[in-house]
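Same chain, two partners: subunit A is paired with subunit B first, then with subunit C.
Now for the complex of A and B:
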């Protein structure tokens, strides 16, 4: 009734024949903070990207705020995407631009083409960006190049860029996977705080079970493209964790660090 | 079972096959060109005496005309690079599969750019010289054609390799094509483009004097006329000037490139 997102029978087969998602269904309500956990290759990124159609699903439907994402024209899709903020593992900032320019990019979807390409942001947008930067302790980096910041700082800029979109839903793809424990805590805390304050629904892909248990109001476990768990964090037992991670103890012990290595290798090869 | 065996056998002999091929090709080419590699050693003394007697001492002629020719050579290189930069910058967006409106157009642009790049500048100069005669315009056009090929290919590669993550972030904000290009992709690739431009200037300064020799004007033409008149001392002076010019530019552009890319 009060749901913001409804995914039905979602299947994604890549052209190389790999089935990344098979028949995934989930309903998410306004204000939920959902963590999706699962080992590397379980389909977390694919699921997240099907929601804003960065990846075209093979079958199934995604209903967001009353419209079927898979049936929208490309112009309608662009409009809807403004309402869905996204945060990435590698921040995905434009390193050669300043911090504030990167934050203001969140407004581009709302602007007319000419002012947008000339970077003529409105005063209220600038004000808002500066306020957010101050709130998150980045006010001394406003005119610094994004590439010169530390990983944790860059991720905070990424969060602010997404927030500038005034999103209803926030998609976070492993936002802390390449951060040190201290920055990871800071970034997760910030995502939680900023989205709760604004009543933004949040879906976060995570490797780390601890982080999921700590921050999420609901946890979804993915294994080989299937949902194998969907409940509150307190229902997540060791047995279930073992099931989610396919009985591979390495995933549990070494957690994020090991995955980072394997993912980096996948990217290189 | 058979295939892997064959493969490993191939791998084993690969080095030897390559070595054999190199020997055959070098030997064949030498025989075909009737060039005796040992001639270098046999005729070393004539070569050295020519070098010492005729080229030394180098004479420097500081005539207004020569200095102007030097400027023309530099100007040709710069003008060709800058013009090519603008045109190639535009063409690269049509030529990269990641940004092009049409994949067929993209393939066409890449094919033409390859031809422009892979035919040596000297050959372009010669073709132009035969159809239009001597002049600085010929030198400029020859440099422009090869720069255009070179930069278009380099830019397309830069664009193809530009962080796909940034493109993804741009799409996720709901930005349209032009906003994505101007606000995300361009700022991401411009340092790379400028670095290629500087490298192209470096290349053009070098080939600008050579193109001059076959009719492109500038210092190359002056050098060629000295050689034709057997004024080897003066020619040597010009060669030294060209070398200094090339080295100076290389130092400057290398420095700037290092600073841009860091």
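Now for the complex of A and C:
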């Protein structure tokens, strides 16, 4: 298996002095489905955004498809970003545009300026977008405004937008954090299915440990900007969960399953 | 019952403060200052309120004379009204594209450089600080009497106003939309036209509708300084004691203003 992404000694210090990532290194191989877990503020989002340089890292390198993303010019960066799809917690669709217009946004990076500005997508792009919408059961919403859809439906549109880029790598930032359990399962299943079918490598930030164990081929645990775990899901023990989340697993809600604990009694006393 | 043991109960008897002390004090200071300023202004202008009150019945006299509408030379009135409407339409229309450009250059989610934004922002503030009437008088001095001066003069203020309004509309577009297109490799120009503009459009249309309303009322005033339109008709008729014709003109202005307001409310609801 060949490497698709290699992060070396990545450090990000924000201007307010907070160190979000300190000396993070990881290598991702082609076709992996990696879940990054960790509590809020552990640096998951920062790590993901350093990979496509939505956030400029302070130190270190991110090697993707043979080039160091941190050293690219802005034109080169735009070109390479087309190969990296991204999915967001809040979907980030343009609510006033139609569902298919949002899906076609994935093509903007490939088009010439004038057609891109005017939204003159090619017939083949339109056909491809429509096919994807049909495959994912969204064909009855094609020309509906994106803002009128439910959260789960919007997230599916977000996935299709990223797929339209023909990406080699998919970055998903908390894709199910604001969805109900049913939609969450649907969306995670769809991400897994679509990326596996197309051989797209996938990195997913997750809050839910259970979802990480269920879908990922590899789990990376982050705590205060450091990697504290990097292995297959079956190696994730309670001890390690305690290390990642800084608490007893019995006191945590893990994927909707509340471990029976003494939390309630502690609060009363 | 000693105070020491029943502390909580004693406290309950005292009045519980519900205002934020410092902000409440500022509100009081504001009203006090406002009152003092009003009093000083009254003294400065030497207003004789008794005299004003004595003259008030005359207002009824004038109003009743205005109410006897005269449809004499109606064609002139209608032509002047059409001129006012045209001035309004054009002053908004010509301002839209330049304000979009200026607004985009002032929006923090489009232009990163704080200095560049500040320069454009100053220019807009300066243009806006000069009232429309003054702008029109300046242009009149250059171009002579007529609607062209009215349009150009109104454009200045409209442009600076809409630029600021559009800037806010652009900045209200969620940052996530921009991030999403950026992550797909889209350039800034593409992001502007594909995410920011569609997101801000309905907001921008309602700003234009608001400006349309206010430009119409402004254009009637401008007629009185010589920039043509229905305002000039009102002034000429009043000066010539043709109260009936003036009354008709006022009625036409009233109806048009109402119509425009209704139209813009409808527009805002449906977009």
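Everything that follows uses one rule, which is that the second predicted complex is superposed on the first by the 248 of 269 C-alpha atoms of A that agree within 3 Å, B and C clash if a C-alpha of one lies under 4 Å from a C-alpha of the other, contacts with A are read in each partner's own complex, and residues count from 1 in each chain.
Here is the rule we use: a contact is a pair of C-beta atoms (placed from the backbone, for glycine too) under 8 Å apart; a residue touches a chain by one contact, two chains touch by 3 or more.
As the structure is a prediction and not an experimental result, all values here were calculated from the model.
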State whether subunit B and subunit C clash or fit side by side on subunit A once the two structures are superposed. clash
Partner chain(s) touched by A:70 [first = subunit B, second = subunit C, both, neither]: neither
Now for A:84: first (subunit B), second (subunit C), both, or neither, which partner does it touch? both
Could you say whether A:55 touches subunit B, subunit C, both of them, or neither, answering first, second, both or neither? neither
Partner chain(s) touched by A:105 [first = subunit B, second = subunit C, both, neither]: both
Using the superposition on A, tell me which residues of subunit A are in contact with subunit B and, in the other complex, with subunit C. 52, 54, 78-82, 84-86, 88, 90, 92-97, 105-106, 108-109, 113, 116-117, 119, 161, 165
Quick check on the complex: what are the subunit B residues that touch subunit A? 163, 165-166, 168-176, 178-179, 181-184, 187-188, 190-191
How about subunit C: which of its residues touch subunit A in the complex? 174, 176-177, 179-187, 189-190, 193-195, 198-199, 201-202
Touching residues (chain side subunit A, partner subunit C) in the complex: 52, 54, 78-82, 84-86, 88, 90-97, 105-106, 108-110, 113, 116-119, 158, 161-162, 165, 171
Which positions of subunit A touch subunit B when the two form their complex? 52, 54, 78-82, 84-86, 88, 90, 92-97, 105-106, 108-109, 111, 113, 116-117, 119, 161, 165
